[in-house]
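By written order: A, B, C and D. Residues from 1 in each chain.
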Amino acid sequence: MLLEFSQEDERFRDEVATWLTEHLIGQFADIRGRGGPGDEHHFVRERKAWERCLAEGGWTCLGWPEQWGGRSATIEQQVIFNEEYARAGGPGRLGHIGETLTGPTLLAFGSDDQKRRFLPGIRSGQAFWCQGYSEPSAGSDLSNIKTRAVWDAETALWRFYGQKVWTSLAHASDFIFVLARTDPKEKGHRGLSFFLLPLAQEGIDIRPIKQLTGTAEFNEVFFDGAACGADDMVGAPGDGWRVAMGLLDFERGVSTLGQQMLFQVELDEIICIARANGTARQPAVRQRIAEAHIGLRTLRYNSLRMLSGGEDGSLSREAVIYKLAWSNWHRNLGKLAMDVLGPDAELVEAGPYELNRLQSLFLFTRADTIYGGTNQIQRNLIAERALGMPREPRGDAAKE
Amino acid sequence: MKFRFTDEQRMLQEGAERFLSEHSPIEVARQAAMLPGGVDLALWARITEELGWQAIPVAESHGGLGLGLVELVVLLEATGACLSPTPFYATALSALALGTVSESDGQQHLLKSIAEGTIVAFAHTAAQPEWGPSGVAVSAMPSGDRWCLNGSARFVMCGAVAEYLLVAALFEDQKIMLFSVPSTHDGLSVSHRIALDQTRSMADLYLQDVVVDGAALLAVDWAEALANVLDIARIMVAAEQVGCAQRALDMTVDYVAERVQFGRTIASFQAVKHKAADMMLKVESARSLLYYAACTADSWMRGTERRGVLREAAAMVASSAGDTAFFVAGTGIQLHGGVGITEEYDIQLYFKRARALEAYLGRPDESREVIAAALLDTSEAGIHAA
Amino acid sequence: MLLEFSQEDERFRDEVATWLTEHLIGQFADIRGRGGPGDEHHFVRERKAWERCLAEGGWTCLGWPEQWGGRSATIEQQVIFNEEYARAGGPGRLGHIGETLTGPTLLAFGSDDQKRRFLPGIRSGQAFWCQGYSEPSAGSDLSNIKTRAVWDAETALWRFYGQKVWTSLAHASDFIFVLARTDPKEKGHRGLSFFLLPLAQEGIDIRPIKQLTGTAEFNEVFFDGAACGADDMVGAPGDGWRVAMGLLDFERGVSTLGQQMLFQVELDEIICIARANGTARQPAVRQRIAEAHIGLRTLRYNSLRMLSGGEDGSLSREAVIYKLAWSNWHRNLGKLAMDVLGPDAELVEAGPYELNRLQSLFLFTRADTIYGGTNQIQRNLIAERALGMPREPRGDAAKE
Amino acid sequence: MKFRFTDEQRMLQEGAERFLSEHSPIEVARQAAMLPGGVDLALWARITEELGWQAIPVAESHGGLGLGLVELVVLLEATGACLSPTPFYATALSALALGTVSESDGQQHLLKSIAEGTIVAFAHTAAQPEWGPSGVAVSAMPSGDRWCLNGSARFVMCGAVAEYLLVAALFEDQKIMLFSVPSTHDGLSVSHRIALDQTRSMADLYLQDVVVDGAALLAVDWAEALANVLDIARIMVAAEQVGCAQRALDMTVDYVAERVQFGRTIASFQAVKHKAADMMLKVESARSLLYYAACTADSWMRGTERRGVLREAAAMVASSAGDTAFFVAGTGIQLHGGVGITEEYDIQLYFKRARALEAYLGRPDESREVIAAALLDTSEAGIHAA
C-alpha cells in the first residue's frame, strides 16, 4: 500500500500548478473560486473564455486518447489535475459534461462521423453540453421517460416533443444529449434512443427553475418540434438505455479529489470562524467539527481506494457508496456552518436575497442528497448492486 | 387529570384554524415578505378586530382577557402552521413581559394599548455572547431625572412595525432595567432586516443617546424576570415549531401520496413511510412536552409552581421542538425530491422557518445543557425533586 | 388542560400506597423490584404467592366490571395503581396477561360459560396465563400461522399440532391462549380460531430459549396432540383473527406510567453513578443524560395525552407511537448506562455469567425494539394507521 | 499512489482467511470462553508453528519478519471477523512496545521469545481516570539496585495466559517506566476475568511488593512512548472492529435473504435494504481510514511521519471504527429479529465484541475530542498542516 504519488506524478503536479498560477490572472483573476455548485449561473461568459484558455494550454480532456486531442492521462494524473485545479481556485468547469459524459459516450458508442463532428468542439472549449435525462415523471424512475422523438420522413429529421427538467447549465450550453422514446408502444427501458441536439433552434424553450436560494441553476427544457438528423442518434434505435447506463459508468471518480479540496476550503472557513467567535469552545460544536474533519478525510481515502482499482483491499463495486457519503457529509457541513456562524447567520447581507457563501452552502446542500439520485435511490443501489439484495417490486399504478 | 383541551380551548383552536385557512394561506406569507417590515398589517388589523387575540395575555384589569399560556400555545401552533406574518408572538411576549413589572402608569398604558391592538416589540439582546440576560448590549446612564440609552438590540421580532419597543438595558454593568421607547424616538434607529427565513419579520435596533423620561423606566433589577420571560418565550417559540413541523409533515404526506415513481405512489415505499413515521413520532412528542410546558408556565404565573420547574419545562420543549421542526422540515424537503428545493413549493419555507426558530433564543444542545446542569451539578437532584 | 389528579384520586393513591407498604414485607420483602423484564424467570413461586395476596386485598383486575370481581376502576385510578405499584417496588406481575389480555378478551368475546370457568381464577391470583401467537415463520407476519387445531370427532376434542415461540412465562403458567388454523385450506387471516388450553397435559413441551444475557425468559411451546374441548374456543371457528386483533386493542396504556417509573429508577441510578465517578463532567455524557431525561418525560406526557382520550389536543389514533418511542428510549438508556459505568462495565462480577442490573439492561434492551412488533413493524403501523399511507405489497414467495 | 494491497499483502490476507475459516470457526470462540484464561492455546500453537504471525512485528535483527502495521491490520481484520480466541493482538502489541525501548538483554530476550511464540501481555493501566499514561496505577520504588512494584493494572488482554507481562509503572508520581515481569513472580497475582464479551480474554493484575532486578527495567521516561504505543494499539483495535463489523454485516445480509415474512424474503424490504446500505457505507469508510492509519503508523515507525499525524490517524479511525462496529452489530441484531437476541445465533457475539472494543482505550467521542483539540486549540491549525 502506497499513499504517496510517484516522482513523475509529482513533476506533473508541478507542471499543472505552474500553468494554473500563470494563467489564472488578468481577466481570469475575478473568477477564481466562482461558478461551483450553488454558483453555476455566474460569470458564464468569462468562464467560457477560461475554458478556451484551458484548452489552448492542453488541459481539457486529459483522459481522452491522444487521437482526439487528449493526453491518455493516467488516473493519477487526472486526480492530480483535479486537485491542483481546485487548489488553484479554478472556476467551476462549464466543459465538464462534454468532457466527462458526452466525450466518453461518443468514444464508446458513437459513429466516426459523430466523433469527428462533436469531439473537437468539446476539446477546444468551444462547444458546451448539458444532459437531458430527468423529466417531471421520470426522476428517480429514469426509465419512465415520456419525451418522444418522432421520425419526420418529409424532412428526414427526428422531431422532439416533451419536457426535460433539472437540466443544469442548459442556458449556457450549445448542445444537449437527450434520452427519448422512439417506440411509443414500448415502456420502461425499451424503445428509448439517445440523441445529440443543438439547443439554438426553433422548438426548444429553456426556462430557469428558481430555487430556495433565490438563484436558478437548473432549468426546464421544453421540446416542441425541435429536430436533429438521422446521424445524430448514438447507437441504434432502442439502444438508448444501454448508452445512457454506459455513460453513468464513465464517471471514474477522478474529479472527487478536486471536489474534496473545495470541501476542505469550506471546512477551513468554518473552523476559522469557530476559532474567532468562540464557538470552538462549545463541546457540541467541537464534536461536530471533528466529525466533519474525519468525514472529509474518509471521503479522501474512500476515493483513493476506489481509484486504485479493483484488487483486494480496495473499493470497487463498492464505489456506489460515494454519492451517499459526500452528499450527506456536505449537507451536515451546511448545518454546521450555520450553527458556527451563530445568530448572524439568520440575516441576509443585502436585499432582495443576497446570501453569503455559507448561507448559500446551507440551503443549496439540501439539494445534494436529491439530485443525481436521492439518498433513497443510492441506498437501493448499494443494497442491490453491492450487497446483492433483491429489487423492490415495481407497481403498476396508472396514475402518473 | 385531563391532559387535553377544554371545550373553550378547542373552540379557540378550531376558530383560529378556520380563520387562518381562509385569511392566511401561504401566499399571504410569501407576499408579506415583500412588504416593508415584513408584516401583513391588514391581516393583523382583522385579527385584532374580529378575534381579539392580542387581548389574550393581558390581564382583565388592563382590558384584556387574562388567559394563559395554554391558549397562546393553541394559537401559536396555528399561526406557526401558516407562517402567518403577524406580530402576534411579538405583542404577546411584550404583554407577558409587562405582566412581570410593577404597576405604573407607563405599564398600564402599554398593556391597555396592546389589548387594543397596538404593536409592541420586545428588544432584549444583541445575542452576543448569548440570548440570555448576559447578552444585553444596551447601556442605561442616568442623566438628571432622565435616562440615556446607548447600544444595540438585535433580532427583534416585528421591530420595524412596532409602535413601542420594550428595551432591556444594563445599568452600571450589573443591573438589568426595562424601558419603553416609542419607535419614533430621537436617536433610535430601527432597521428592518431581511432574514434567511424571508417570511419572518426581524429588525435591528441601534440606540445613540436615546434620552427618555423617568416614566419610561418600567423595571429595575429585572435580570431574573428577563430570564423567566425568555423561558416563556421559548415555550411560545416551541408552539410555532410544533405548528410548523405538523404542517410540514402534512404537506409531505400529501405530496408523496400523489407522486408516482416506479409505477407506485412513493408513499408506498418503506423508506418514505418510515421517515414519515419518525416525523410523526417527533411531532407528537414535542407537542406533548409543549402542552406540559404551557401548563407549567400557567402554574408558575399563578405562583403555584417553582421557577426551576418552569426553566426545566422550557428547556425540555425547546430542545425537543427545535430538533423536531428542523428534522421534519428537512426530511420533508428530502421526500419532496427535486421540487423540494424549488422556490415554487412551500416546503422550503417551512425548512427556513424551522432553522430560524431552532437557533432563536438558543440551540437545542444549549437547552439540554440547562437540563444536564440541573440534574448533575446541583447538590440535590434539583429537577427530579420537582 | 389539567395535569393534576383530583382529590378523590389522590385519596385512592394514598390507599394503594398504604396497602402496598403494609403488605410488601415479611416473605415479600425479598421480591421487591424483582421479576421485571430481564428478570422474569426469578422468584416465580414467591411471586405467585404475592399475586394471591394482591388478589385478597382486592388489587387484581381493577378495571374489570364489579360483576367479575373488579372495581370498574377509572383510567385515572388504574394509572395511579400502576404508578404506586412501581413506586413501592412491587414485583413483576405474573398475572398481567390474564388480567389485561385473557380477561378483557373473554369479557368481549367469550361465552358465559367461559367467563365463569376462567375469570375467577385470574381474579383470585390462582390461574396464570401466557399467550400463544408468534411462530417461527409467523413473527412480524402474524397471519402466517401454521399451528393446526384438528377436530377429533372420536374424543370430541380439538387436537393441536405445531409450535409457538417467544412465549414469555410459559414455564410459570397454567393456561395458554392459542391462535391456530382450523381450516387448512385457508391462508392468512382466514381460517384461524382462538382457543384456551391448559398447559399441564400430554402433548405440550415447553423449552426455554436462552438469550444473549445467559438467562431464559422466553420459551418455545411445542404441540403434539394436546387437546381442549369444543367449549374452549372463543368465538366461532374462523373468528380467531378478529378476536386476536380485538385483544390487541385492550391495551389501554394504563400500565405505561408504571413502566416509566421503573425506567426512572434506572435513569436515577445512572445519574447517581455519573455524579459519583465523574462522567457527569463529560460534555457528551451530559447531553445524553439530558436527552434521556427529556425522553422519559416525553413518554410520560405522551401517555397522559393518550389516556386523556380522543379529543383535540390529545393523542388517540397516534397512540401507536408508544411502542416505538419507549423501546428506543430504553435501548439508548442501556447504552448510556454502559458508557457511564466506564471500563468496569466490561467485566462480569461472577461466573459463569452473572450480570449486574445495568449490564443486563444493556443487553436485554436490544430485545425491546424487536418483541411485540419490531421498530420496522411499528413504523409501518404508524405510517398506515395514523398517517393513512398505503400498505406494502405482499409477496408470494413459496419459500418459508 | 496505489492505495491497495501489494501482492504479498493480498496473499497474507487470503492465507489468513483460509486458515481461520478452517481452524477458527465461531464454535472455537464459543468453546474458548469455557477454557481457563479464555484463549485457545492449541490454535495459537498452530498459528505460531504453521503461519508464524507472531514474528511479523518483531525486527529481523531479533529473529522476526520485520513487517509493519499494514500486515498486522490485514491479519487483525481476519481474526476480528472470527472472534478468534488467540493472543495475537496481545503479543503483537507487546512486540511493538518493545520496539520503542532501547536495546538491552532483557528487551532482546523478550523479542526473541515473542518471535518464537511466547505470549507476552501488555499491562499499562487501571483505566482510572483514563486509558492514557495518566491512568497508570502501578508505582515503582527503588530498593537498592532492584525495584519494588505495587498497584494494579487492569483490562489486560490475554493476561492470564501470558508468560511475561510488560508493566507500565509510575516513578515518583511523574515518570513512567516499563518493566518486564514473569507471570509467576512472587507478589504478582493475575486474575482472569469473565468479560461481558465472553469470547474476549481479559485479566486484572495486582502487584504487591513485586521486587524485580534492575534488568527488568526496560525503559524510563516512557510516557510519550506509551502514548504512541496506545495510538498504535487503537489502530490495531480498529482493525478488529472492521473485521467484526464486516462479518456482522455479512451474516445479516445472509440471514435476511433467507428469512421470509409477508410472502417475501425480508431482504426485499426497503427498511432492511437501506439499513444494510448504511452498514456497508460505514464499514467501507472505517476500512479506508484504517488502511490510511496503518500506512501512517508504518511511516511514523520508519521515522518519516510526525507524531501528531499518527495521533490524528489513530483518533480518526478509533472514532470511525468504534461507532461503526457498534452500529453495524446492533443493527445486525435488529435485522435478525427475535433470533438475534438468542444465545444460539452468532450475531449477539459480534454485538458484545463491538461494544467491548468501542469502549476499549477510549470512547469514540473522546477520540473526536483529540481531533477537535488539534484543529481548534493549537495556535496553528496543527492537523491540517500535516
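Convention: contacts are C-beta pairs under 8 Å (C-beta built on N, C-alpha and C of every residue); 3 or more make two chains touch, one makes a residue touch a chain.
The model shown is predicted, which means the values in this text are computed figures rather than measured ones.
Peer 1: Name whichever of C-D and A-D has more C-beta pairs touching across its two chains.
Peer 2: The greater number of contacts lies at A-D.
Peer 1: Could you tell me which chain lies farthest from chain A when each chain's centre is the average position of its Cα atoms?
Peer 2: C
Peer 1: Averaging over Cα atoms per chain, report the distance between chain C and chain D in Å.
Peer 2: Spacing between the chain centres: roughly 41 Å.
Peer 1: As a quick test, compute the distance in whole Å between the mean CA positions of chain A and chain C.
Peer 2: So the centroids are 53 Å from each other.
Peer 1: Which residues of chain B are in contact with two or more other chains?
Peer 2: Touching at least two other chains: 265, 268-272, 274, 365.
Peer 1: For chain C, what residues touch not just one other chain but two or more?
Peer 2: Correct list: 284, 287, 376, 379, 392-393, 395.
Peer 1: For chain C, which residues are in contact with chain B within the complex?
Peer 2: 1-6, 9, 76, 79, 268, 271, 274-275, 280, 286-287, 289-291, 293-294, 297-298, 301-302, 304-305, 307-309, 311-315, 318, 321, 324-325, 376, 378-380, 382-384, 386-393
Peer 1: How about chain C: which of its residues touch chain D in the complex?
Peer 2: 134, 137, 139-141, 144, 165-166, 209-212, 214, 278, 282, 284, 338-339, 342-343, 345-348, 350-353, 355, 359, 362-363, 366-367, 369-371, 374-376, 379, 392, 394-397, 399-400
Peer 1: For the complex, which residues does chain B have touching chain D?
Peer 2: Those residues of chain B that touch chain D are 269-271, 274.
Peer 1: Residue numbers of chain D touching chain C in their complex, please.
Peer 2: So the residues of chain D touching chain C come out as 127-129, 131, 154-155, 193-198, 202, 260-266, 268-269, 271-272, 330, 333-334, 337-338, 340-344, 348, 351-352, 355-356, 359-360, 363, 365.
Peer 1: Report the residues of chain D in contact with chain A in the complex, numbered from low to high.
Peer 2: 1-6, 9-10, 13-14, 70, 74, 253, 256-257, 265, 267-268, 270, 272-274, 276-278, 280-281, 284-285, 288-289, 291-292, 294-295, 316, 319-320, 365, 368-372, 375-377, 381, 383-384
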